[in-house]
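What follows is a group of structures, each given as C-alpha cells.
Okay, so chain A shows up in both of these, paired with chain B first and chain C after.
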Partner chain A sequence: MKSFSLLSRGTGVAFLAPAGLLVGAFVIAPFFWVIFVSFTNRSLLGRTAVDPDFVGLANYFSLFDAATFFTRGEFGSSLILTIQFVLLSAVVGQAALGMLLAWMLQSVPKSLKHVTETVAIGAWILPEVVIAFAWFAFLDYENGTLNMIMEALGFPPGDWLLSFPFWAIVVFNTWRGTAFSMMLFNSAFASIPPSYFQAADVAGASSWQKFRDIGLPLIRGHVVTDLILITMWSFNVFTPFLLTSGGPSYRTEILPIYTYRIAFRDFDFGKGAAVGVVVMLINLVFALFYLWVMRRRAKGVAA
Partner chain B sequence: MTRYLGLYFTRIGFSVATALIGVFFALPLVWFIFAPFNPRAELGLSIPEPFSLTNFEAVFQNGFAMRGLWNSLVQSVGGVILVGAGATLASYALSRSPIPGKSVITYILLLFSSVVSGSAAMVPIFLIINGIGLIDTQIAVILVFAGGLLPTAMFILRDFIDSIPKSYEESAMVAGASPVQAFFDVALPVIRPGIVVVVVWAFVSIWGSFLIPFILLRSSEKMPASVAIYSFYSEAGTPIVTLLAAYSLLYSLPVVILYLLVSWKFGFRFFGGIKA
Partner chain C sequence: MRIHLHALWLSLAAATTFASPTFSADLSITCRCVEGGVNSELAAWVKKSVIPGFTKMKGDGVKVTLTEFAGSDEQLTQQLALDFSTGAGPDVAGFDGFLIPSFVEGGLLKPLDELAGDAVTKWDGWSHITDGAKALMSYQGKAYGLSLGTDVRVIFVRADLLKEAGIDPTTWQPKSWAELLDTARKLKAKKPDSFPLQINAGVPMGEATTMQGYWMALLGTGEQVTDDKGRYIVSSQGILDTLNLYKTVYVDEKLGDQRAQLLGDGRNRTFANFRDGKTAMLLESDWFYRSVTAPGSEFAVENRDQVVTWAKMPAKEPGKGIRGQDFVTISGGTGFVLNPNTDEKELAWELLAFMNSKEQLAEFQKYEPRIRIRDDVEIADAPFLAETSQALMPLTTARPNDAKYNAVSAEVQRMTEAVVSGELSPEDAMSRYRDAVIRIVGEENTVSLL
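Take a look at the complex of A and B:
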C-alpha cells in the first residue's frame, strides 16, 4: 500500500526551496569556494583581485614551510597555540569546571545554586563585545578590579594583557563558556534516579566515591557530547580578538584571528583560504566523530 | 552519626567552593553594574555618587550610537524572519512530504553548517557577497546569518514537527482543506512554540555577533551596535568609558530580557541545547 503523505512532492520541494537556496549560497557554496580560492593567489587589491592565477599548492607549501613553521606569527605556531588554547580553556577549563560546578550544585542550598547559575549564564549569554570590554576593564593595569583585589590581598599588581596574554584568553574563554557544560552536566545528573545516590549514602559512600562510581559512569555519553561541542566552538572562536587583537606580538593569535589577519589585513585571500580549508578539515573530523557517536547512541537505544 | 556529620561537612565545603567560583564568574561583571550610572566612570570599580543617568542621556543624544542599535535590530529581525519562515517551511516539508533521503538531507546540512564556521569561511563568504555586489549592505549580513543558522533551526523544528501527530492535518484534509491550508491553519498554530524557540535563538545569535558584520560592512552608518561600539574611543585610542558602559548595558538588554522570558516560559534548560 502506498503510504499517504500530506504534501505532494512538488509542494515539498517548493517548501524546501527558500531554505535550500540560502544554505546553498552561504554555507555549501563557501565550503567549495574556499577550496578553489586556496589554489589561487587571489587578493583584495590589484590585478590578482579580478584575475587571480592558479598557483597549485603554493599556499599550502607556504603554510607548512618547515623553515618558518614554528616562527611566531606563522601558521604552525598559531596552530600549536590554538591546540593549547582549546585543551586548556575548553577541555580543562570549561568541561572540568562545568563538571565540578554541576556536581557541587546538586548539594548546595537552593539560593546559592540559583545565584551561581545566574552569573555563569550571564557570562555566557551577554554579547561578546560587551564581555570583552568588561574583561578589558577588569584586567586594566592601573584601575582594573583584578589589580584592586590583588593589592587588597597584598600581592603586586600585574599588567595581565601584556605579561600573560595567553593565560588571559584561556581564563577568559573558560569564564565565557563554562555555563554550557555546567547546564549540560546539571541536567544529566538530574536524570539519574535519586535512589542510586540514596543507596550509596546508606552504604556510607563519600561524595567523591559517588561521583566516580555512579555519577560519572552514568553521564559518560553527555561528557563525550560536551567535549566534542566545546572543542569545536573554542577551535573556531573569534572573541579573543576583541580582547587582545591577537597580540602582543602574535602571542594570542589563535587560528581564527590568524585567518583574519592574513586575509583582511595582509589581503592575501589565497593563503587565508588555505588556512580556512585546514580549519574546516579539522572541524570535519570532529563533526563526523560527533555524528558517529550520535548514530551509535541512537542505535543503542533502539536495540 | 559520623556519616551524617560527613555529609554535613561535604555540604559546607561544596557551598564555600561554589560561592568562590560564583565570585569568579561575577567579578568581571560587577564593574558593569556601577559604571553605566557613574558620570565619572573609569575602568576602575567605584560606586557612583550619586547614581545618575547622564551617561544614558549622552548615548541617546549620540545619533551614531542609536543608529547602531537600530541597525542591530534591522539585521536581527531580518535574519530572524528568513530563518523562522525558511526553517518552518523546510522542516515541514522534510517531515511531511515524500522527498527521498529526507534524514540524510538534514544530517548533511547539519554537518556542513558545523564545518563551515564563520572564522573558517570568512574569505569565501566575503568573496561571494562581493561577487553578487552586496558588500557593505545590511541585506548581506542578513542573508549570511540566515544561511548559517538555518540548518540548526531546521534540525530543531523537524524534531518538533515529527512529534506532532499527522492525524491533525489529515482530519483537516478529510474535511476538505488543501495541503497548504492544512499547513497554515492546522499545523502552524501547533508548531508555534517550536518556532518561538528557533526565533529567539536566532535573534540572540545575530544580535550579539561581531565577525560577520565586521568583515561585510564598511560604512559606519550601516554598522550594528557590536561594531559601532568601537567608535566610542577618543582620538588617542583610549575608550570613552562612560559612553561605552551605558551603551553596553542598553545593547545587552534585549538579550537579557529574552533570556528571562524564555527561562520563565520554557524552563531553565532551553538555552542549554542550542547555541551557534
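Take a look at the complex of A and C:
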C-alpha cells in the first residue's frame, strides 16, 4: 500500500511536539516517578520526607501481607470491596438497569421517551459534587428526604449512611451512571432496522423473545464496550468519598479512597505509590482487554 | 488576528504590572478561624485588631490578608503539609504545636531565628514568655512559632441535668470511673433517650479523639502512650481498661452518642448535644468554654454561668492515675508558625511578633479572655479559667514531642473507632494497634507490658 501524507515528516513532528512535551512532562514523567517512589519509604512528614530509604519491594509485600490482607482498612479488603462495588453498581446496576430502561423506551410514545431521556441525561451531566450533596441530603438521618418519606408511610426511619453505607454508595453510583448505559443501548437499538422487529411482530413474538433473539445479539458489541467502560469508571470513581469519607470504619473505602488515605492523609507516599502502581496494572488489564475487543470488532466489520 | 494578539499581550502585561507593584509587600495569614463560625474570636481579633494595627505601623505598602479556613484541624494540617512541601501556602499559619516535630523532621518548618535572624533573637517579647510556653511550639530547643497559650481538659457538666436526676452539681466530683459511670447511668435512667456521657473516639475527630478521649482515660490507668524511656506502649492493661471504658459507654450501655463518634461532623454533634441538654458530661478542652460555648456562638449555652459547671477527670481508682494521681488532665497548645518558604521572612516575623506584642494580646483579651503566654498581659477576669488552670496545671501531662507521635495518634483513633463501632473487641483492637505501631516506629521502639 502506498502511503501518502498532507504534511512533511518534519512538520508533523513539529506539530506533535507541544502535545508530546506536555504528555511527557505531566503523564510519562510522573508515571515513572510514581514507580520509583513505590520502592522507597518516602513520606511527607517525619525524617523519611527529606531522607527516604530504598526499601525494595517492601511496600508491595505489605500490601499483600497474608496476615493483614483481609483486615478491614487494608489493601486486600479494599480490593474485595471495590470488586463488589463494581459488580453491583456498574454491572448489575448501571448496565442491567440501563438495558431494561433502553428496551422499555423502544415501545413507548415518542414524547415519553424524550422526557425520560432528558431526565436521565440530567443525572449524567450534573457535576458529581452536586449529586453527592443531593444524595447526602436525601439519606440524612435526622432531616433526610428518604426518612421523611419512610415516616409518612409509617415505616421506621433508617440510619442509611451509618447502617448501610455500602448499599448507599452502590445505589448512588447506579443512579449516577445508569443514564450513560441507557443512552448507549438506546442508540444501539435504534440502529437495528425496524423491519426485523416488524417481522417478529407478524410472527407473534413476545417482547422478551424479541429482546433475546433480535435486540441483544445485534448490540452485543455495544454491550461489551459499555461493560468495559463503566467497569473502569466505577473502579476509579472517587465521588463516594463525598457521601461517606470511606467510613464508617472503612466500610466504604474503595480503592481510590484507600489510595487517597494512604498517600494524602497518612502521607505515606511510598506505600501510596505502590497502591497506585497496582491499581494502574489492574486498569491496564481492563484497557488491553478493551483494545483487544475493539480490534476484533473492527476486523469483524472489515470481513 | 495579529492586532488582537497584540492587544491581548498588552492587556496581560498591564494586568500583571498593576497586580504586583514592586514597592509593596503582601502577607497572608491562615487559621482555622471563621468569623461567626469556629474560633470566631480569633478571626475577629486578627481582622479588626492585628491587620489594621500592623498596616498602620508599616504604612500603605504592606497588605495583610486573612484566609478563614472553615474545614477541620486535620484538613488544615493536610493543606499546610502539602503547601509547605511545594513552596506555597500562607506566610503565617495557625498551627497545633504537637505537629511541629513531624513537620520539622520532614523539612517543612524552619526555626524562627534561622528564618528572620537577629530580629528574632533580639525580640523583647522573649523575656516575658516562660520556657514552658516556648516549649509548646518548639522542638529540640528551637522555637518554630509562638503559641497562643496552653489548655487543660476537664469534664464539662450540665448542672441543670444533674439536679433533675437528684444529684447536687455543686459537690459532684467523681473519684473513680465507676462513680462517673454511675452518674451516667442515673441520668440515662432518668432520660432514656439522652446520652449523658461523651468521651471522644474515632477517626473523624482526629487529634480531639486522642487528647480529649483516649489520653484522658489512659492517664487514669497510670500509663501514657509512651513509657518513661520514650518507647511506645503497644499492649498493656491500661490500654485494655481504656478500651473497655469506651465499650461500656458506647456499645454495652449506650451512655454516649455513638453516631457522633463515627460521623464526619461528629464533634459538632457533641457540642449540639451538650447545648441541647442531651449530654450532661462532656470531656473537652477549656477551648470549649473559651470559644465553642462563648455567648453569641453557634453552640452557646443559655445562662451558661448557671447551667454549666465542670469537674476533674478521675483516675480509674483513686491514686491509680499517672504519677499516682487521683485526677488527670493533659495539655497542648496551638499558635502560629512561619512558612519556611515565605518571600518576606523579616516582614512575616514582624507580623508574628506584632501579634504577640503586649498591646495586641491585651486587645485579644477583649475578644477571648484567656491566660496569655506573656506575663505582662493582664489576666482576664474569668473565674472559670483561673479555677481550672489553678486546679489542673499541677496535674497536667504533655504529649511526646516526637516526630512519629502524629502517625501513632492516627492509629489510636482507628483503635478507638473499632471498639466504639462494635466492630472489634478491645483485645483485637489492641492487637491491631500493636501491629500498626510496630510498622510505624519499629519493634525496638515499642514495649509490651502484658
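The working rule: the second predicted complex is superposed on the first by the 298 of 303 C-alpha atoms of A that agree within 3 Å, B and C clash if a C-alpha of one lies under 4 Å from a C-alpha of the other, contacts with A are read in each partner's own complex, and residues count from 1 in each chain.
Please note the rule applied: contacts are C-beta pairs under 8 Å (C-beta built on N, C-alpha and C of every residue); 3 or more make two chains touch, one makes a residue touch a chain.
Note that this is a predicted model, so its numbers are computed, not measured.
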item: Touched partner set for A:Val170, first chain B, second chain C, both or neither; value: neither
item: Touching partner for A:Arg47 - first (chain B), second (chain C), both, neither; value: second
item: Contacts of A:Ala123 with chain B and chain C, given as first, second, both or neither; value: first
item: Comparing the two partners chain B and chain C, which touches a greater set of residues in chain A; value: B
item: Which superposed partner A:Val27 touches (first chain B, second chain C, both, neither); value: first
item: Which superposed partner A:Asp159 touches (first chain B, second chain C, both, neither); value: second
item: Contacts of A:Ala95 with chain B and chain C, given as first, second, both or neither; value: neither
item: Chain B versus chain C as contact partner of A:Phe267, first or second or both or neither; value: second
item: Touched partner set for A:Gly247, first chain B, second chain C, both or neither; value: second
item: Chain B/chain C common contact set on chain A; value: 264
item: Touching residues on chain B, where the partner in the complex is chain A; value: 3, 6-7, 10-11, 14-15, 17-19, 21-22, 24-32, 35, 42-45, 82, 85-87, 89-90, 92-94, 96-99, 107, 109-128, 143-144, 146-148, 150-151, 154, 166, 169-170, 173, 179-180, 182-183, 204, 207-211, 215, 226, 229-230, 239, 241, 244, 248, 251-252, 255-256, 259, 268-269, 271-272, 275
item: For the chain A and chain C complex, residues of the former touching the latter; value: 43-47, 49-50, 62, 67-68, 71-73, 141, 159, 161-162, 245, 247-249, 264-267
item: Complex interface listing, chain A residues touching chain B; value: 3-9, 11-16, 18-20, 22-31, 33-34, 37, 42, 97, 100-101, 104-105, 107-109, 112-113, 115-117, 119-131, 133-138, 140, 142-146, 148-149, 175, 178, 180, 183-184, 187, 201, 204, 206-207, 232, 236-239, 242, 255-256, 259-260, 263-264, 269, 272-273, 276, 279-280, 283-284, 287-288, 290-291
item: Contact footprint of chain A on chain C as seen in their complex; value: 74, 78, 81-82, 85, 99, 102-103, 105-108, 203-204, 259, 262-264, 403-404, 406-407, 410, 414, 417-418, 421, 423, 432, 435, 439
